[in-house]
């Protein structure tokens, strides 16, 4: 993105922002609450005024946005249903079932979202995003409501399925960023600027116990801590 | 609680559940997504059918539940407004302003919730819960959408304000539980049972870097990992 | 059971009203007299009621279909909305007496003109509530659909429409409640049958009890239609909230 | 500006209709003739319009207040709802001709009986939509309020009511659109002034162009009222969604 | 001043000429009455409202009074405004109906007054038809419109002083059959009724005297009277009213207190025969002569 400007009325979120997201890799965004991560993601998704959208994206918002009248399975297939492509829909259904099984909702396919717990809803939303099969994937705090173990499993799943795609992932957990991001950027300031790209070595998903990562982790925490909210 | 039973139609979440929450202390609940943490909290809040409610509670749900037509400040004062006690309301307003300043929303008092970021909304909901000044406080993943640094700050704030109250706090972060909980319980199974109470030493908020905690952390993670989802 | 209690409650209230206000019986006859007539003339009343009930039900269905379609068209196209909405509003302001001759010219004296009239009275609440519902879809869902490259048509039919169904149900309930008056107004358009016709005729002849017997039947039809619609709305639209 | 274009558009549509269908002018006079009458008899029309406009506005306000209150009462008390709701539904089914003498008996021949009649037509959409809105409050908010020991009254007034205001706005829009017909129906109750009176009179006496001139004025009043209500609703209820 | 509410049978029109002139020229006041004329839109409501004590007098029709009396309403006739039928059967002159017999298989429109089936039945029978040979359609007030647009072939309930003029204004000519010459006993079209229990003879006398005085005056000064009438309400100044005015004046009863009992006996028998009432109510229960 080049010279982007994000503002809500008087409130300027970003100005003259130029950022590069390497193709086929996962970039993790970190930053204090309210800095503008969601806004940046929405800009990339083409959801803000004046925001161009280059390629098809899959977008997972901070809230789950499941449709209450559709079953879990139908929610996951929403994109195919909306595009109305019957052939693709039929093909995607098998994929959706597998994904739902992988996020641990195999026995909840026909439930309505209101019957799920918060974390289950988030997992369904994650399955929907990954089911979309798009070159660019944008995810806003996809694992926020998940327990530590499920989170690790789903990080693995995401890393596997995001391979080869350009992904931008917002998170608040520096370890998570280090685990799944090829590149990590810390946003700070108001209007925000992006810090230098941090590129940990090794293939994703990395082992969080790796001492090299722990060093980077300390650096990231310090970087975040030094910032005004 | 004694011999509680929680069920949604056919789905039995807990049966013959007897749990003790020590008075004046903070209990942290951990457990896989969907195990029944939220349901347990709702039971304690008297929100489920057949659930008795012993004492006045302050309840913070998994979603922020801010009212879109009220300003941030008015949302925080909602309890006092609903109870219609003018004297208490006037007294609480100063408190609400201080709390909002402490959660970093001092300059957002008059904004509507729709103008806030997800983390800001959660912080406003947290301020509302802490403003309620009740003997029992129930919080469902109160820090899920916050960055690591803000999270630490608000854990400190919560620990300070919860002192002397009976609090039950659901979290997915074992470190968080170790930091603010006088007692930690892991829920598991379906219908779930609660594991033995883990009681770390030291006063809350504890330092997460404490090696004694790291040992407990490893134990908790292992315990969670060993469980079926 | 409930409807029966309700009916009895209504009758008692009415009897009390007559007693309390001392209205003469040629203006408001007491239920006891109306009941007698209701039983004595039941064959006549049933025949007229069948006629009016048909008008009501057909009018309601037509109104729901027309109103629903129009609301969807309005939500889909700003051009249509800009030009046709005022026309729709104006259609509500036109008293039947002004357009009755037109309707009769185009539709004749048969049932068609009555159904058209009833549908005209009924369809506005449906258009209005459904269109309002379609306007206030959760922004998040719309954004999501946009990232999914959904056509406006798909967004309308698969997201905005289901989200607006509770509002549609609300409109349908209003429509069901005004359906009886719609049918009666329709019978103004040159009728020679129906409860509305019977009522006018018996009022003119000073047979107030018969007129009120017809009115009672009309009200019962109205209640039945309302509760049927309410029930259908509950069964067909189980989700309630517009938002999350 | 917009309303003017709309008005002109309507007139053109009407002229086209007359041409296309070849309706005789004593059934549907062409706009040109109506315009002539509109100008020639403008003093008469303005005087009658002032009367009707008063009835409309007072009736609408009364209907909004009554309907709003009733919906709140229904939401607050199951007992009231069970007994009074059928009564309210039935009130919609009663043709004016049956209760006009009653209204005159109780309210006299002045404006009160007309306003009452208009309010009766208007208030149902308000009750119905607001009550529906009050019924479908986000469960989470209700739970939250319960933990805060809010009285049912406080929950109703501070949570359910604001959450239902978009639905109330929806009802108010319908009410505004039916207000003109409400006023015209009201003028059946022994009127000697008003556009509805003028219309009936001139139609019955073959002065179709004058009747349609009155109708045009009535429609303009209706449009003005509708758009005023729509504007007020937007300004007063900026939040849209019922849910989160 | 004695306050009096008088309900008209319908909107103000030349049928009410004597009432309007009496009010406008202060003749009522001169007789010590303060009369308020109230127009309803529904012609059936006024007698009931008078019976309920919501007004002192109402303008009504003889057949209506007799039907209401048979239903037990406490009403009495105290005066008359038009002492002959105005009601007629009308068809278009250039239409297919040249004689009453031509109505066979055709549509006849009416505006519900409650007794049109009786009138029409008698008229048709005289021409050798029955009610079954025609289709009756309630067209409400749009009598001329329905006729001109050929939605119906004839209308019953047309007033001879209005509907022909109305047709003429639309460049159509009507063919008219007077009911009283076609098998229907003659009757009083417009009468004044009041509540039986509270007949106020002195006041009624004053009222009838004022009406008589106004009738005499307007017969003598038709043009000046028209000026007063047409200016008493903005909507009254119309071409149709002007034409009807001329035709109506000769029909107004010169003696509003006159009563011809034989008419009431005959018409009651007629109503019984046509099945509209079960039995004729006693004449004295609904007729009161004010002398």
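Note that the chains take the letters A, B, C, D and E in the order they are written out, and that residue 1 is the start of every chain.
By definition in this document, contacts are C-beta pairs under 8 Å (C-beta built on N, C-alpha and C of every residue); 3 or more make two chains touch, one makes a residue touch a chain.
These numbers come from a predicted model, not from an experiment.
K.L.:
How short can a chain-to-chain path be from chain B to chain D, counted in steps between touching chains?
P.N.:
The fewest steps needed to get from chain B to chain D is 1.
K.L.:
Relative to chain B, which chain has the most distant C-alpha mean position?
P.N.:
E
K.L.:
List the centre-to-centre spacing of chain B and chain E in whole Å, with centres computed as mean CA coordinates.
P.N.:
That gives a centre separation of 83 Å.
K.L.:
Using mean CA coordinates as chain centres, what's the gap between chain A and chain C in Å?
P.N.:
49
K.L.:
Spell out, as numbers or ranges, the residues of chain B touching 2 or more other chains.
P.N.:
In chain B, 63 touch at least two other chains.
K.L.:
Provide the list of chain D residues touching at least two other chains, using ranges where the numbers run on.
P.N.:
27, 97, 101, 105, 138, 200, 203, 241, 244 - these are the residues of chain D that touch more than one other chain.
K.L.:
Among all residues of chain E, which ones touch two or more of the remaining chains?
P.N.:
Expected reply: 44, 48-49, 52, 141-142, 145, 149.
K.L.:
For this entry, which pairs of chains touch?
P.N.:
Taking the chains two at a time, the touching pairs are A-B, A-C, B-D, C-D, C-E, D-E.
K.L.:
Can you name the residues of chain B that touch chain A in the complex?
P.N.:
Contacts found on chain B: 8, 30-34, 36-39, 62-63, 104, 115-120, 123, 140-141, 144-151, 172-174, 221, 224-225, 227, 229.
K.L.:
Residue numbers of chain C touching chain A in their complex, please.
P.N.:
138, 140-141, 143-151, 154-155, 158-159, 162-163, 165, 239, 241, 244
K.L.:
Which of the residues in chain E end up touching chain D in this complex?
P.N.:
Where chain E meets chain D, its residues are 5, 7, 11-13, 38-42, 44-45, 48-49, 52, 54, 141-142, 144-145, 148-149, 162, 166, 169-170, 233-235, 238, 240-241.
K.L.:
Looking at the complex, which residues from chain B come into contact with chain D?
P.N.:
42, 45-47, 56-59, 61, 63, 65, 67-69, 78-79, 81-84, 112, 114, 132, 138
K.L.:
Where on chain D does chain C make contact in their complex?
P.N.:
6, 9-10, 13, 21, 23, 27-28, 82-83, 86-87, 89-90, 92-95, 97-98, 101-102, 105-106, 124-125, 128-129, 132-133, 135-136, 138-139, 166-167, 169-170, 173-174, 177-178, 180-181, 184-185, 196, 199-200, 203, 211-212, 215, 218-219, 221-223, 226, 240-244
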